[in-house]
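One chain, subunit A, appears in both complexes that follow, with subunit B as partner in the first and subunit C in the second.
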Partner chain A sequence: MEQQKVDMFLMTSGKFFEGYQLGAIKEKLTKLDDAKLLQLQSVNLKDPIIMLIVSLLGGHFGIDRFVLGEVGLGVAKLLTCGGFGIWTIVDWFLIMGRTREMNMQNIQQAMY
Partner chain B sequence: MTNQPAFPYTPNEYEAEKASNSYLMSVVVIMFGLPLPIVNLIASVIFYSANRKAPYFVRWHCTQTLVAQVVTFFANAAGVYWTIAVVFGGGEVTNNYIAYIITILLFNLFEFAATIYAAVRTRKGKHVSWWFFGPLTDILVKA
Partner chain C sequence: MTRKNLYIFSLVLSVAGYALIAWDVIDSRHGPTVCLFKTVIDLPCPSCGTTRSIAALAAGDVYQAMAINPFGVMSAFALIVIPLWIAADVLRKKDTFYHSYLAVERHVARKPWLSFLAVLIVVANWLWNVSKAL
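And now, the complex of A and B:
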């Protein structure tokens, strides 16, 4: 893939990943075929800040976990009212990192 | 009560943020679950479980929080049990009881202050090792 396209992709999507992951993504994208770009752009990446807001507002019902695609954990959180409130608070501090990890997993699936 | 020994490597921004979050989470949970000591311990266990595969710096600080919470839990649980016995069981307010309550109150205050200090320092990538809990964490966490 052209360097310009890679840089453009990283500029627009960089905030969805951890800083240390960007180097690996850049390296992989450079070796990737141009035809894959459309596929990469169609990957549903979640914004960590939006996920934090979702967690703050709907964490008691497990909505944050549902949105991330972790249905099992979402149901568990829903049935326990956010782990009796404890899990909800812990998730406020975990959800941003987890969102970036899920984004990385999704982009890796699209790249291979 | 705290010191800042050298860490084997310099943690990056992402590690510093996650390590700091373990202390910050502990402070927030204290505010929400103050009457029940077990709430803090459960929260620390969940946070540690979520970060058990994280880099060494993050694991180290999560473990230090957890170890401190375990000790605090037993101290506070004994205080809560004794207080319930005094209030509902017709127990007597003895000098020993008052001394114990003052001791755990001071212990909790020191722990709270140390937690906030550690949250601030680790966010800047500095390694903070608490008295007693730090060396214990060194033994428990392998690089």
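And now, the complex of A and C:
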């Protein structure tokens, strides 16, 4: 893939990943075929800030975990009143990192 | 989530659930309110009443358990099945619980109507909880 396209992708999607992951993504993208770009752009990446807002507002009902695709944890969180109130608060601090991790997993699936 | 993390997390949640039920049964004041939503907003959440429901179920009153919160019956089932399933997996050195968990997650992700139905049930139960003033 052309360097310019790689930089453009990282500029628009960089916020969805951890800083330390960007180097590996850049390296992988430069080796990828141009045809893969469209596929990469169609990957459903979640914004960590939006997920934090979802977690603050609906974390008690497990909505943040449902949105991330972790249905099992979402149901567990819902049935335990947000993990007896503790898990809800813990997730306010963890959800942004978890979102970036899930984004990385999703983009890795699309790259291979 | 790795197999080890899932098993540890499920067991910790189960132990916390059993501890809360024990507290509710032993303490005549019905234990503490662990629901953050109810404490802050003063309205019950969809799962409020689960402990009371399980306590009623333990006393053999299935009708009362369903009337307090049907999620309690679901949770009681999960509290019995999940620790036993994990124990069986650990003893037999297998990971059937982990694979079933992943399979259900994948299945739900492929069928959005299932999520929609679940949301409807949760909202309906929530409205019922509010009307019962749990």
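Operating definition for what follows: the second predicted complex is superposed on the first by the 112 of 112 C-alpha atoms of A that agree within 3 Å, B and C clash if a C-alpha of one lies under 4 Å from a C-alpha of the other, contacts with A are read in each partner's own complex, and residues count from 1 in each chain.
Simple rule for what comes next: contacts are C-beta pairs under 8 Å (C-beta built on N, C-alpha and C of every residue); 3 or more make two chains touch, one makes a residue touch a chain.
Note that the coordinates shown come from a computational prediction; the quantities given were computed from them, not determined experimentally.
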- Query: Quick one: subunit B and subunit C on subunit A, clash or fit?
  - Reply: fit
- Contacts of A:Met8 with subunit B and subunit C, given as first, second, both or neither: neither
- Could you look at A:Leu22 and tell me whether it touches subunit B, subunit C, both or neither (first, second, both, neither)? neither
- Message: Is A:Ile53 touching anything from subunit B or subunit C once the two structures are fitted on A? First, second, both or neither.
- Response: neither
- Item | Which partner, subunit B or subunit C, touches more subunit A residues | C
- Quick note, subunit A centre (C-alpha) to subunit B and to subunit C: the enclosed angle in degrees to the nearest 10 is 60
- Query: What is the contact status of A:Gly97 with respect to subunit B (first) and subunit C (second): first, second, both, or neither?
  - Reply: first
- Query: Looking at the overlay, what does A:Gly85 touch: subunit B (first), subunit C (second), both, or neither?
  - Reply: both
- What's the minimum Cα gap, in whole angstrom, linking subunit B and subunit C in the superposed view? 7
- Message: Need the overlap of the two footprints on subunit A, from subunit B and from subunit C, as residue ranges.
- Response: 83, 85, 89
- Message: Help me check something: in the complex, which residues belonging to subunit A touch subunit B?
- Response: 18-20, 83, 85-87, 89-90, 92-94, 97-98
- Using the touch rule from the top, collect the residues of subunit C that touch subunit A in their complex. 1, 10, 13, 16-17, 20, 34-39, 45-48, 50, 71, 74-75, 78, 101, 104-105, 108-109, 115, 122
- Message: Applying the document's contact rule, which stretches of subunit A touch subunit C when the two form their complex?
- Response: 60-61, 66, 69-73, 76, 78-85, 88-89
- Touch list for subunit B against partner subunit A, complex: 12-14, 18, 21-22, 24-25, 28-29, 32-33, 39, 42-43, 46-47, 50
